[in-house]
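See structure below.
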């Protein structure tokens, strides 16, 4: 066609919309900028934005829709489950998908989806980092693992349990809580009675902030640590003073990266608010995809894949390319702690 | 007191009332008789505003009341004992009676009326704390009539009050109707299958056939009318 | 296990139950009067919380003192929830009063979706921090590790609201009208009751309790978003049914029982199957009491 | 009413809505930077919008009131009359049949795909219609049976390599079994009590699937579920989509056939009688428990088979696909289409599943439009799109 | 020969309320028996106890349709119906979404057998049975005189016709005893007279015995061979119409001083 079609898929409505919508904005900003600079391969880039509500069965339809509409590449999806169910369709149609946020390890490590890339590290790396940090730096002995029973949260929690146990910690509690519940006092009481040194959380930030807030309100001082679902500015905004001292792992600090600063500013100028979760990752993914097309010189599948694996691209996340599995290189996780209302990277 | 002019009422496409004209004077007992499905109940419901007439006018004490909502009409002093009794099933007998006084403020008289009712129907006094829904058919009928009496209406519309009542109670009911007509000067509009008894106590009667009024005369004259005898008195 | 643990779980269950109760009360009132499972009740609760937050923020920025902000925000939340409840009934339920009951249910589901997405579009899909409108009371500090001040306020409010509502229904003229309307609308009208007005009032009262719930609960959990009404609504519905839908004390009792069930199950067994157990418990109770704990038995005579 | 009155009313409505939407539409606070954004233009929009919509609303309501008078005069609505015309049946079937056969070849794969989804919901709707529309049992946990079907296929295939064609009846059977197991304890419950308990059962099934990793692989679900194959051929993505399309079309036809026969039988009459009056029904010698369980089991069967097809279609399932929300949507298809009417349920399911897909162009306004459509449909067509005119038995003297 | 229905010493309590108090009653084959009494005497409750809607607190309900006595209290309503007791309801309970014919067809449920598989495959026997049901139902309607309404929705019938339809529906279950609860309520004298004839016809032509609750004394006195009178759940009189008419206890409690018949 006479345009390059970039699909953007993820949860744009429903309870997980807050993770999906920022990625749309990121794509819009990048595309606007690139189009203003003359587009890719001399063609304008067109966005095809499709909602999958983070549901596998809808994601299937979303994916087919994108395929039917002639998407050349797809930035998405947001949730691992939905991504998994969409990837099959993209694979059969020779389309590359790059997710800013789907962290399920199997997506890349299983080797089943050669067409899949991501600009975020996977959960196993995250859990290993959490374990190392908690055992060596925080010197915890007893931990409690909580999760939100979801695809992502429970997966994360299981990995944490595995690595902590291997490292010799005592996992005194491993339980799922009901997401969206209005109150978590029972589980907090239970955690207190088990006297762990650290609570490891697998899941998103809304529940995390509810639990931390309640723990602190109930005058508990137990340490708390979450993953990339927690390392989100909304978490600090919402939990306020109660989240002081909370640890979270997340993509390495990029706040000083000039590209990241610029991207944030663009967002503020355009939308009048701070960007949301995974904005930078989505921004990076969009850049990476469009760059690969440019470098490949066409929208041919093999050419783009090759470009992704070989060509470095400058993104808010730093200079990245992708390894054989499809994971971005040079993107690792760091541990952060909330101090005075910001996430501060821990060395 | 009550005037119906050219009333036409429909249920969907079925016309239930055709050009009905009726007059009720203050202090009268009038009765409306007719076969099953003639439209008697519909007439009462149209007066009360529960079913809306498509055409025609209803005037009560000189005031047009068609188009008003039922609660407004009731507030003017019209009350109805509807077909099927409509007892509040989960309220006790006492509470059901109490509902009858919803628009009343004269606490003193309410007490007196209550005693009067229990005097009339000792059965209800015995059952005063039982849920309305568990009463026997006849007991419910007594309760429905009593609740209407409690509203102290100027015009009382009764839809088959004798239905399902024991003979001894039927007679009692007709006595009561006469009594409240005389003592309280309540105007009565009575719909009855028991045409015999109804015509006996009524000052005037109307006969209705498939939605139209076919005859109207004094109660006595109707009683002795050959057509009426054949069709409605079973003689 | 030790007594303190038990006591903490008990109080936790009480809090959670009270939260459910604040939402369930409105649910049960609306159900009582028009037999409608008002799926959108949770959204009224959400709108109450949002309005409260917006108004509170505006006044805080204008530099009003905290107490004034709390009062103004609370009032705005109540007024707006009532207005939404009232409007919703007029648009989505009143035209359906004589339609099959399930049609009204679908209309309610549609309303729920509409309001959720309305707030999403008009405001944001993000979680917003909700300020703790209830301060930590000085005198309560020694017990704060078991029961926080906001939790205390929630429990007390629930009791007060329940008593007020019971009084309203049992002893006032409008309450009398509500009882009549809920059992037989035509007869109620024939006794001089303005049925439309009674239904509107019911929606308004129900929405007001939802708004109170919305503010208190939001300041307890500290965050709101457009989706918060859905699960809360479902749980409140379960609580209302458990207690006997249509009954005010039933809603509170059902909510407490549900809260305790969940709390103790989590505390002594596992929170993984918390809801499974709550629902199983519901089934068991309904098998033995098919009309809920305090519900009225079917008394229609054959 | 005069035009002036109308305008006055609409004007009041417009004021009211401006008031109503004021905090949410006009004010936007940023709690981090402590700034308020006043979006007064929204208020103007709401005011103008409300004015005209209110006019339209009252006009439509009035027309509906007049319309219902007229329509009844002519007998059933146009659609019903078309449906009842015997001479149109055959050509109708042929046209629809050809269209269906050609569908996947005319339209894109995406269209075929969402059509498959829609047809799965048609099956679910028809199954639920037995329970709700015929037997009058309000089931809000219907998705549980759908999950049973889907997981039956996924797990049986994973562990024992059971193929689609065997899983299909097996899934139906297992779902029916669950229908009986779930139905049994709740026989005594009525109306909304039944609704909440079934809702509970639906959630229980989902939560068990979510928590019991060893059995169901928990929230991460089961991937790579094989699509149904034709022996000896290797189908492309396109090919297998078309194949599934034909399978589900065949299943829907089968469903319609069976339900039609059930409805017009001794069993169907017992269901309707039970819905109308339980006590009278029992007094006719009808066993209430058995009749209800039959409805539950037969309703569940279709959900089970639908689940098998669903698993085969998406090739990946996890518990997130079986939430209350799905049950609610299925319920909506039944009621919106026209409870008890087969044509109604079909159009309801097609509308509700296709609508959000076609509303994709509305982007962020997709779900709000969807909600509004639900409300409007019910307000203006409370009986559903194709209101059920039950085909009553017509006596023919011989 | 034993009576076809024999009730011994039946008592029914609702909480503290004794609605039926050690009542004895029997009906012989081919009899028309009336059960009368003041409002709230317990007549309908008595029907409910016999037909399994309530389980009596104590006492026996025995039936003997074919020379073998059988105790039926505590059995479910549908079983009782299958054993040959059919009833009508004081507050009409028709199947409102069905036509007149279909209402009667449902009545045939008890005497037919088609199951799910039969319904789906619609084999020969199913078709034959369907035909049988339709014909039988139509026959009954003809006998009752409702054939002109056959395809009407039951709810659209006049009240009197609805009562008759209840009788027709009950007859479709092939009962040996028909329990009628106030069949003449809401009928005018003309219609009541027709009902009188109809009930006699049912007994004479179909051989169905009849137990009748009614407040219309003209109907009761002309129809019944024997009458039971109850008050407060207790039997206060029993005998042929002439005896009852002159029984001072019955007059005082129920009939009142003068009888308008």
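Labels for the chains are A, B, C, D and E, by order of writing; each one numbers its residues from 1.
Here is the rule we go by: a contact is a pair of C-beta atoms (placed from the backbone, for glycine too) under 8 Å apart; a residue touches a chain by one contact, two chains touch by 3 or more.
Which chain is which protein? Per UniProt: B = Amino acid/amide ABC transporter ATP-binding protein 2, HAAT family; C = Amino acid/amide ABC transporter membrane protein 1, HAAT family; D = Branched-chain amino acid transport system permease protein; E = Amino acid/amide ABC transporter ATP-binding protein 1, HAAT family.
Just so it is clear, the model here is predicted, and its values are computed rather than measured.
> Walk from chain A over to chain B along touching chains and report the minimum step count.
Each step joins two touching chains, and the minimum needed here is 2.
> For chain B, which other chain has the most distant CA centre?
A
> Measuring from CA centroids, which chain ends up nearest the centre of the complete protein set?
Answer for the innermost chain: D.
> How many angstrom lie between the CA centroids of chain B and chain E, rounded to a whole number?
30
> Per the centroid of Cα atoms for each chain, what is the distance between chain A and chain E, given in Å?
Centre separation, chain A to chain E: 73 Å.
> Can you work out the whole-Å distance between the CA centroids of chain B and chain D?
Using C-alpha averages as centres, the distance is 47 Å.
> If I count partner chains per residue in chain A, which residues reach a count of at least 2?
Residues 13-14, 149, 176, 237.
> For chain B, give me the residues that contact two or more of the other chains.
Chain B, residues with two or more chain partners: 134-136.
> On chain E, where are the residues touching two or more other chains?
Counting only residues that touch two or more other chains, chain E contributes 44, 53, 89, 91.
> Give the list of chain A residues in touch with chain C in this complex.
13-15, 17-18, 21, 149, 175-178, 180-183, 185-190, 192-193, 205-206, 209-210, 213-214, 217-220, 234, 237-240, 242, 276
> Which positions of chain B touch chain E when the two form their complex?
Those residues of chain B that touch chain E are 35-37, 123, 127, 130, 134-139, 141-142, 160, 163-171, 193, 195-197, 230-235.
> Give every residue of chain E touching chain D within the complex, in rising order.
Answer in residue numbers: 51, 53, 76-78, 81-82, 86-87, 89, 93-99, 101-102, 105-107, 109-112, 114-116, 118-120, 122, 126, 129-130, 133-134, 138, 150-151, 153, 169-170, 172-173.
> Which residues of chain D touch chain C once you look at their complex with the stated criterion?
For this pair, the touching residues of chain D are 16, 19-21, 23-25, 27-29, 31, 34-36, 42, 61, 132, 138, 185-186, 188-190, 192-193, 195-197, 199-201, 203-204, 207-208, 211, 279, 324, 328, 331-332, 335-336, 339, 364-365, 367-368, 370-379, 382-384.
> Give the list of chain D residues in touch with chain E in this complex.
Going by the criterion above, the answer is residues 258, 261-262, 265-270, 272-273, 275-277, 279-288, 294, 298, 390, 392-395.
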